[in-house]
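Per-chain residue numbering starts at 1, and chain names A, B, C and D are given in the order in which the chains are listed.
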Amino acid sequence: MSTHTLALCRQAPYGSALAREGLEAVLAAAAMDQAPDVLFLGDGVFQLTADQAPQEIGQKSLYRNLQALPMFGVERIYVCRQSLADRGISTESIAVPGIEVELVTDPGALLARYQHVLSF
Amino acid sequence: MKFSLVVYSAPHAGEAAASALRFARAVVDQGHELYRVFFYADGVHHGSALAAPPQDEQDLLTPWQELRQANDVDLVVCIAAAQRRGVLSHSEAERLERPAANLADGFELGGLGQLADATAQSDRVVTFGGQ
Amino acid sequence: MSKSVTIEGREIALDKEGYLRNLDDWSPAVAEYMAETEGVELTEAHWEVLKLMQDFYRQFELSPAMRPLVKYVGQQLGADKGRSIYLMQLFPPSPARVASKLAGLPKPTNCL
Amino acid sequence: MALHIVNRSPYRSSALRDCLNTMAEGDALLLIEDGVYAASASAQAGAMPAGTYCLGADADARGVSVSDAIARIDDARWVALCVEHTPVVSWF
């Protein structure tokens, strides 16, 4: 996928399988040295909130999976500032260990930099 | 121009599967190359040979197989997403000790690397999602 | 031909490729048994990598592919061990696959 | 310039809102499937940006009368829009 591709993650974790499968696609590409850039927008920002404990609903923690991104060579993610504000999520509460979070105020300008946007 | 499509929706679950097929036909009708269709998430159900819709409802299997025949389009079903949902080739059914295989002719199981390759090889990638 | 083997008096169910059916069945003796079937003789160097595989899985709830495994081993055990050639010598021919199996992690999805 | 494709009803999903919040000046918007309800002459079509298109077959299927401000297109023109724009971004 590489850096001319942006993965646009808009699904909340657990309610939609595409949240996890989107991350799996990013990790698989990164494992092959073709990591895309990643933007969390809309309900996708819920993937980044800590304190996820999905054992009782029979799922694995997406938040823990996300923390593997640096091991796969993805050390920075983009996050839509407005999406956080709309959902009452503070920017401090979405820290993912080992990952630099770059807040984006103009997601349209970010999208314009890429040849491909894969929506998840 | 070279196109690839990514399909997340199961056939008969909503309109997205039918939209993807219409778009794919339009791409080749307009003289463009359709390089690969990557079926992911619930889209892997496209690869099941066992769907049997009534005769007066849309067939969403044969037209893909015809596109492959006529235009040499890669129809790739993501192997990891397919294992979860029970779309298996003969060798996977054997490896995973399942009682039957159902991967339709013309479709192949492939890794997510084939999605990364499709983005690298194609001028345009269009995703089809949602139920 | 799925089978079960008796290890330390416990019956352990394996699938036809020799992976655990129940991940809770793992024990060091199970790893020793699997190593033998893979033609690997477990030394201290093997064990420290297997332990890291389990740490990785606990931390991220994922089995590592080759690239993250190399990076993780490098971070934890030093740069001279964080190299694919080193892991290849320990767990030929495919370190991520073989070490996942021996460490009792889930069977890989054949995804790559 | 990007082409954004929205396939969800604006009354059910945030797809259209997320898309409109993201669109840059000069981007095109294509409404397909349930997205065509946003193109209805009787709905909020007036709020759609310039450069909004609607897939005619999907509007006809639903009996949606498309606002004059929005261009009705067929599948061939859909492909052409994809050729003219990059990237193509789907919102669902």
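Note that a contact is a pair of C-beta atoms (placed from the backbone, for glycine too) under 8 Å apart; a residue touches a chain by one contact, two chains touch by 3 or more.
None of the values given here were measured: they were computed from a predicted structure.
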Relative to chain B, which chain has the most distant C-alpha mean position?
-> C
Express in whole angstrom the distance between the two chain centres, defined as the mean CA positions of chain B and chain D.
-> 25
In whole angstrom, what separates the CA-based centres of chain C and chain D?
-> 50
What parts of chain D, by residue number, touch at least two of the other chains?
-> 86, 88, 90, 92
Residues of chain B that touch at least two other chains are 8, 80, 111-113, 124-125, 127, 129
Residues of chain C engaged with two or more neighbouring chains | 111-112
Which two-chain combinations touch?
-> A-B, A-C, A-D, B-C, B-D
Of chain A, residues touching chain C in the complex = 24, 27-28, 30-33, 60-61, 64-65, 67-68, 71-73
Inside the complex, what are the residues of chain D that reach chain B?
-> 5, 7-8, 15, 32-34, 57-58, 75-76, 78-80, 82-83, 86, 88, 90, 92
Which of the residues in chain B come into contact with chain D in the complex?
-> 1, 3, 8, 14-16, 19, 22-23, 25-27, 29-30, 32, 124-130
Complex contact set, residues of chain A against chain D = 6, 8, 10, 41-43, 82-83, 106-109, 111-112, 114-117, 119
What part of chain A is in contact with chain B in the complex they form?
-> 1-2, 4-5, 17-18, 21, 24-25, 28-29, 32, 34, 36, 116, 118-119
